[in-house]
Structure formats: structure tokens, C-alpha cells
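The structure under discussion is supplied below as C-alpha cells; questions concerning it will follow.
To keep things simple, chains are lettered A, B and C as they appear, and every chain counts its residues starting from 1.
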Amino acid sequence: MDLEKMMELPGALAAFTYNDRGDLQSHVLREGAELTPQVLDQLAHSCVANLAIASMEARGWEALTGQGGFQPLKGFSIVGLEWSVVANGNRGVVVKNRDADYEATFNAVQTA
Amino acid sequence: MSLNKILVLDGVTAVCRFRDDGAIMEAEGMLSPDLMERMARFAQWYRRTVSSNTDLLSLFSQMRGWSPSQGWIVQGAGLTVCSTGNVVCLVGNAQGSLNEIMRALGEAAHE
Amino acid sequence: MHIVKQLMAIPGVIAAGEYAYRGDRFSYEGALTEEFARMASIVCRANTLSVNMQAEIFDSFAENCGCRPVQGWIVRGSQVTVCAVGNYFSFIENRDELLNDVMTIMRAKVGDVQDDLLASLYARLGGDTKEALY
């Protein structure tokens, strides 16, 4: 799903892509959103870190418990006070909590 | 141990001892009060984060020896931040000997 | 109704519980063993610490940007999802609409997590963030 399409998600404030190191590569910001490209770059780095940690946890959990269902990971979200960021792979979306549809947003960040 | 014993080590430019809520207990070195406070808060967060990631590693690897974590090191291009317990210091890479500094930090943290 | 009981009443919720920030105290209901629940508690603690630290860093770049205080996090697996709000967690199946329902209930029941979640979690266990540990 491209960035413009991701901006149609309920509550979308920003949509962005990043490389494997977390450097921001492209972004779209909703006009009036109190987010800057600098914050998005920070967010992108945290997305990479969080996805890596979550992958480690999923792998460790499945190996130790024998319970499946976590891998392959489909994303990670930080739920802030007013907005949440949902990310998977190399893309992320920031959505306003009030309007957020987490399922649709997680679906939107899956790689095609 | 007075933090000065760490400050005199080659490469160390600043050192501080922080409380569990991030407040500074004592600080020495060439860092502005604002940056010293930021370093202390960063170190406090990092200690907690490393401690819980160590717990995870311990849990998933089922190996003894990881937990409880003692400290951490973040090495940048020219500067390094290292910490043991509730003492953290800033080191210039060109001169510092991490082995010596970590040893000294370990002694300071247990006083 | 207590949040854990309310969550467990929903089809597709595998387990739900409460985790402690400090120490291994936790409680749970559902399809977890005591040991798995303890492990879940450790995982939840690690992620909560991590996202709280990240929010503080974001805040230093853009004060009041809408992230702090962090309310929780979600790990979306291929068939199972873990949600954490405050010090409550749930393991749920990836059924249609379930994640949205669970998040709505958790956020509503927990209320807005106030600043310094960690201090309040410490306090619940009788800890004191002002105490010098060394």
C-alpha cells in the first residue's frame, strides 16, 4: 500500500517509509499534524529497534514454550497518549487514537 | 569512592552518580549541568532497559551468567558512554582504556 | 467487572493478566501456565520500559507531541497478538475486529496512564523511586 493510500486510514496523521537502519526515506504528513520529519525520523529508528526486539521475543517465546503463532511478526505499535504508531517491515503509520482502527492499520503496513 | 578517582582516568571527561528516579547524587567533570542531567536520565533509562533485556536473554537462552546485568557501554565514533550500577561516565575514545574505566566504575558503583 | 474477567469473557482472548514492573509479581487468567505467565510478565516489563524510554526521547525533540505518557504497546504476530496497556496484558487470536475491541476495552478500563507509570508501578509494590539503591 502506498503512502497516500495509508493516509486514508482512519485517524492517519502521517505515513512513512524507512530503510533497515531506520533512516526516514519518504513521508506524508497530514496538514496541521504536530509531527515533523525530525520526529518521524526518530520514530522510524524506534520502529526498527522495536521490531527487532519483538522478533527476538517472538523467536525466544516460540522456542522456549513450543507455542506457535507469533512468527513471522506482523508489526509493532506504540500506543501514546493521543496517537499510536503502527509499523512493520519498512513502513509505518501514525494514527490518532480516537479514530484508530488498529487492525486495518496493521493490515496496511504488511509488505505486498 | 569519590568520583574524582574516575575523572582522573585517561579519556574520562565527565562522571556522575544517579538515583533511581534519574536525579543526580554527585557529578564531576566538564559537562554543563543540563547535559549532565540528560546523561543521568539517559543512564537511568538505559540501566532499566538493559536490565530487562538481560532478563529476556537469560530467559530465552536459559543460560546462567547474564542476569543480573551489571552495566552497559555505548560506543560512538568519538565518544563512549559507559555505566556500572548507578554511575555513568563519558569517555573520549582517543585516550580511554575501557577495561580500566569499567573496573573503576564497578568499584564506585558498589560503594 | 474487573478488566481481566471482562477480557476473558471475549471469544478469542487466550489469556489476560497483570504484570509487575519490579519483581516477578503477576496475576493472570487463561491458557498460560504459571511459568509462561511469569515469562510474559518479563517480556511485558521489557517492552514497557523500552517504549517509555523512547517516548521520553521523542519528547526531548518535540515537547507535547502527543506520545507521552505512553499508554501501551502491541506486538502483532502471525496468528497471535499481545497487547499491553498500563500494567495489564492480553494474548489474543488474530480474529476480525478482536484487536480493536480489546484495545478499546483495555484503554477504557485502565483509563489514561498518567506520567511516570514506572513510579506508580514501583509504588504498588511498596517501592520508592527516591531511594538510593547503592
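One rule holds for everything that comes next: contacts are C-beta pairs under 8 Å (C-beta built on N, C-alpha and C of every residue); 3 or more make two chains touch, one makes a residue touch a chain.
Here the structure is a predicted model, which is why all the values come from computation and not from measurement.
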Selected pair, greater C-beta contact count between B-C and A-B: B-C
Central subunit by CA centre of mass proxy: C
Centre distance in Å when chain A and chain C are each reduced to the mean of their C-alpha atoms: 18
Chain centre separation in whole Å, for chain B relative to chain A (CA means): 31
Gap in Å, rounded to a whole number, between the CA centres of chain C and chain B: 28
Where chain C touches two or more other chains at once, by residue number: 39, 43, 46, 50
Residues of chain A engaged with two or more neighbouring chains: 53, 57, 61, 64
Junction residues of chain B, two or more chains touched: 53, 56, 59
Chain B contact footprint on chain A (complex, rising order): 53, 56-57, 59-61, 63-64
Complex contacts: residues of chain C adjacent to chain A: 36, 39, 43, 46-47, 50-51, 54-55, 57-58, 61-62, 64-80, 85, 94, 96-97, 99-100, 103, 107, 112
Residue ranges of chain A in contact with chain C within the complex: 34-36, 38-39, 42-43, 46, 49-50, 53-54, 57-58, 61, 64-65, 67-83, 86, 88, 97, 100-103, 106
Chain C-facing residues of chain B, complex: 17, 19-21, 23, 25, 38, 41, 45-46, 48-49, 52-53, 55-56, 59, 85-86, 109-111
Sites on chain C touched by chain B in the complex: 39, 42-43, 45-46, 49-50, 52-53, 56, 60, 118-119, 129-134
